[in-house]
Amino acid sequence: MKKGWVKMFAASTVALLALTGCGPTSSGTSSSSKSNKSRGSLLVWEDKDKSSGIKDAVSKFEKENNVKIKVVEKTYADQLKQLRLDGPAGTGPDVITIPGDQIGTAVTEGLLKELKVSKKTQSIYTDSAMESQIVDGKVYGLPKAVESTVLFYNKKLVSEKDLPQTTEEWYKFSKEERTRGKYGLLALWDQIYYAQGVFSGYGGYIFGKKSSGAYNPKDIGLNNSGAIEAANYVSKFYKDGLFPKGILGDKGINVLDSLFTEGKAAAVISGPWNFDVYKKAGIDYGVVKLPKLANGKPMSSFIGVKSYNVSTYSKNVALAEKFVKFVSNANNSKKRYEVTNEVPAIKSLVNSAAVKSDVNAEAVAKQSQNAELTPNITEMDQVWTPINNALQVVDTGKATAKNALNSAVSQINSAIKANGKK
Amino acid sequence: MHSIKRNKNIRLFGTYLLLAIVSITIFYPLAWTIGASFNKGNSLVSTTLIPKNPTFDHYIALTKTSGTFYYFQWFLNSLKISVVTMVLSVILVSITAYAFSRFRFRGRKNGLIMFLLLQMIPQFSALIALFVMAQMLHLVNSHFLLILIYVGGQIPMNTYLMKGYIDSIPISLDESARLDGASRTRIFLQILAPLAKPMISVVAMNGFTGPLGDFALSSVILRDPKSYTLPIGLYNLINDKMGASYTTFAAGAILISLPVAIVFILLQKNFVSGLTEGGTKG
Amino acid sequence: MEKSKSRDRSHARIAGLLSIIPGVGQLYNKQIIKGIAFLVVALLYITGFWNLFNMGFWGLFTLGTEVPRDNSIFLLAEGLIAFLILCIGLLFYGLNLRDAFKNGEKIDMGQHPENFINSVKSLFDTSYPYLLISPGLLLLIFTVIFPILFSFALAFTNYDLYHTAPAHLANWVGLETFKQIFTVDIWRSTFFDVLGWTVIWTLVASTLSVAIGIFMAIVVHQKDLKFKRLWRTILVLPWAVPGFVTILIFAGMFNDSFGAVNTVILHALGLHAVSWMTTASWTKIALLFIQSWLGFPYIFVVTTGVLQSIPEDLYEAAIMDGATAWEKFRKITLPFILNQMAPIIITQYTFNFNNFNIIYLFNNGGPAVPNSTAGGTDILVSWIYKLTMSSNQYALAAALTILLSIFVIAIALWQFKRTNSFKEG
């Protein structure tokens, strides 16, 4: 009884499926991503709390080009992550602000639009800042500001003339402070972003360079003898109780900031993002370049470059490119510097009296001479988590530096290999 | 006789001691949060249970909106989403459970197994899918979509619980009502639903607290700070790499916890007595 | 008898055949309104969804051919939606065939098919339960089943950072990702570590909550205890405060150097500070404590209800037999509670298996442990979340989701077979 209609159902289903199966050959042409000509508005993602710096430039650009610009603030380190989600949705921005070390990844993913920037325009920016915007000879953005970690010290707890000059001196100083229940120098040396300064001085490195000057992802120097020495040196501060365990891990940065702003730590290694924060907390602080290492070499640091870039999802690429060039020109960079105090990446500005007389900016500029660019190749993405884990494990004494770093490097290598297959 | 009495006293003393210890364990973190919200500074480093220099700063900070901070907007968003999710879950879960409990239809058994399995696979293991869906429907930032997703997630487990509960209500009640000429919809509304009240309040509670505890799903769907819910907002408050404020978080947490806890405790009486009533029927 | 019947099924056959175009069979059966309605619906369905099917199935097979026009992920999603809608369509298509066939049969047997109004009525009658479940089911299909299907499909692609829109397309790679999980040493060892901890976590955390909840309920249930309502209110508090708030508070309190647990409580007890956040095993203990704190009130409330419903006469009989308090508990109270609460207890276990919030919010799955790509306290769901959201290893995360699901489903079915609910259904 039942079987009759079931059979029929099956037969006609197959027939129907066959019909649908041959349809989709000619498809796709109707859907296109080119809906140009929606001229007239731009969405700009600016760094958090920094939109005041481009206010004037924005209104000027709006007037000159008869367009509307909407500026939304988002933490610059997260903007790329958000662009991945918002871009395809059509709710994404035209212009974003991202750290230079994310450029390589972003270009691999095709998220950034190539910009046509003349050699002359390129030459107004500091070399390393400009270099961070270039992938395979193509320019993908213009630098907005450079930053580097520096040493902040609390003038109430340590005077400028008594300031320890080397990490060894700091080690002794911290030991004394500990006897009084306070902390001397604090740093987030469980993260490669900060620990790199030490690593580099001892001969460790993230990626070696090819003769062409490009990074060589096959040459990782995070487990060479220098790196191991550096990791051991760093872990001493934790093991001897000079750094509290509470500043380890994800939330460590907040604890470190609090210790400094509450006057419980004499000095911290941190970045320009804290200039304002510390001031608002009422700390009378000084800023100098990082101390020398025990082996006499200067402590290095990563130069972070913040840049304006154009999203490939932008419907108004030409206008967005124009805006990026406009907002990053010498004039607007100067204005921005005056409002936000972020160290600009314009050569003429760096040497100008305004920057020279600003002790904060001066310290960043000085440290930058010992600093190096964060590698901007895609492979860098695979480095952070394994190496940070390794550093944490070493600092908490869960593994020896040698084992942890070897394991981290083999993880990085296998991740790079797995991803690089295609 | 004496020893019985003494035994009883020891037992009671032990009980009170135990309850006191448990109460302290429960109160301590809560009291600590309240203390933190009145402490100066931003972090837990120098936070003490009883603040040395009490301040209302953090509560005042909550009222100040900025480009990324809209505490009271988040508060309203969360309340709205939770209430709507609760109402929709109760409706959909009850009627679905009614069907599964009282009717024998083709696919019933497979449906039940499917529900059982679906409740075990976490919805948010499919975050990308949900976001892609939001984009295709142009419903990014939409509270409506988020509510539907929450309700969908509530269905399998709660239907299962509710179905079990309705099963325990004697079918003779339905039958006698039917003899009196009541329709199936009426039987459900006037006989079963009132009897299932205890389980309905459990489902309602699940529907209400579910969205209040989620930030994984919501942070994928809600991209605009203004449309955030409290969990996302508060989470960002302490997880921000720069400018995190543990103490403001504590203040914000208290403002949301107080009303929820009060409502909860007021409802709790029904909850317990309801469950009792239901239990004896089973 | 049977043979003669099959000979005059001509109407049924013809009607069934004709309704390959929906509605025509019904027309043949002289159900005019119904037939037209079917035809219209079918036409609307085909014209309305034709584009979706066209694009969807093409996309599902190819995952796109051209950048930046095609976005593999969107094509995959569209394809799956097309597939789901097609399934729903086929279901109704089948019902249409059946309807034509059945009504044809009626004619064969000399009856008249029902008129339109009556058939609507009888439709309402026979499909009443379907009507009840359809809104919930529909919602379930699109908000739960579709995402899960999507995730499953993703596991067989190579979608990751390097195969993502707008510059690249993803491709179908079959079981490649699974092979990677089981052949690359670090992935395999991490997977089994995480799975192991997930199982331990689920069992211990849930059992603790359940045991403490039942125990406290019995303690408060003692007849001669005073202030019962007060105690009950206090014991429910942890449930009443939103969980994510409490977890974040605890995260602060357990800070190694500055948290209140170390600086106040352990200090007052004269104990050494414990590295709660930087030693995996201590973090695990802290997590178990917090989850018990969070989880027991629910069980407590339900048990309290159940306790009040235990018939007195059960105890009376036991007292007659001279049973001790412990025997009463073991022979009467406990079995009664467990029997009544079985489903609620089971949900505790499934809840903790997927308890992402506590793991992620407390210490982000950390601390770091040597030789692992996951954190020391990551459970499967939090690991999957991190792979998706921070390392963009979408395909890998999806493959792990499948493995997790297989694991869970196997246990569920096993459990399901053992309990009565299967037979009863």
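Letters A, B and C name the chains as they come in the text, with residue numbers starting at 1 for each one.
By definition in this document, a contact is a pair of C-beta atoms (placed from the backbone, for glycine too) under 8 Å apart; a residue touches a chain by one contact, two chains touch by 3 or more.
Just so it is clear, the structure is predicted and the values come from calculations on it, not from any experiment.
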item: Chain whose Cα centroid lies at the greatest distance from that of chain C; value: A
item: Comparison of B-C and A-C (more C-beta pairs in contact); value: B-C
item: Cα-centroid distance, chain A relative to chain C, in whole angstrom; value: 38
item: Rounded Å distance between chain B and chain C, as computed from the means of their C-alpha atoms; value: 17
item: Overlap residues in chain B, where contacts from two or more other chains coincide; value: 43-45, 135, 238, 246
item: Overlap residues in chain C, where contacts from two or more other chains coincide; value: 73-74, 255, 258-259
item: Chain A: positions in contact with at least two other chains; value: 88, 246, 250-251, 255
item: Of all residues in chain A, those that touch chain B in their complex; value: 48, 51, 72-75, 77, 82, 85-86, 88-91, 246, 250-251, 253-255, 257-259, 261-262, 264, 273-274, 277
item: Sites on chain C touched by chain A in the complex; value: 9, 12-13, 16-17, 20, 50, 53-59, 61, 65-71, 73-74, 86, 90, 93-94, 97-98, 101-102, 158, 160-168, 180, 184, 186, 251, 255-259, 275, 277-279, 363-364, 366-373, 390-392
item: Residues of chain A touching chain C in the complex; value: 4-5, 8-9, 12-13, 15-16, 20-21, 23-25, 27-28, 31-33, 84, 87-88, 105, 108-111, 244-251, 255, 312-313, 378, 381, 385-386, 388-390, 392-393, 396, 398-399, 403-404, 407, 410-411, 414, 418-420, 422
item: Chain B residues touching chain A - in the complex, by the definition given at the top; value: 41-46, 67-68, 131, 134-135, 140-141, 220, 223, 238-244, 246
item: In the complex, chain B residues that touch chain C; value: 8, 11-12, 15, 18-19, 22-23, 25-27, 29-30, 32-33, 36, 43-45, 47, 49, 92-93, 95-96, 98-100, 102-103, 105, 108-109, 111-113, 116-130, 132-133, 135-136, 148-149, 151-153, 155-157, 159-161, 164, 167, 184, 198, 209, 212-216, 231, 234-235, 238, 246, 249-250, 253, 256-257, 260-261, 264-265, 268, 271-276, 278-280, 282
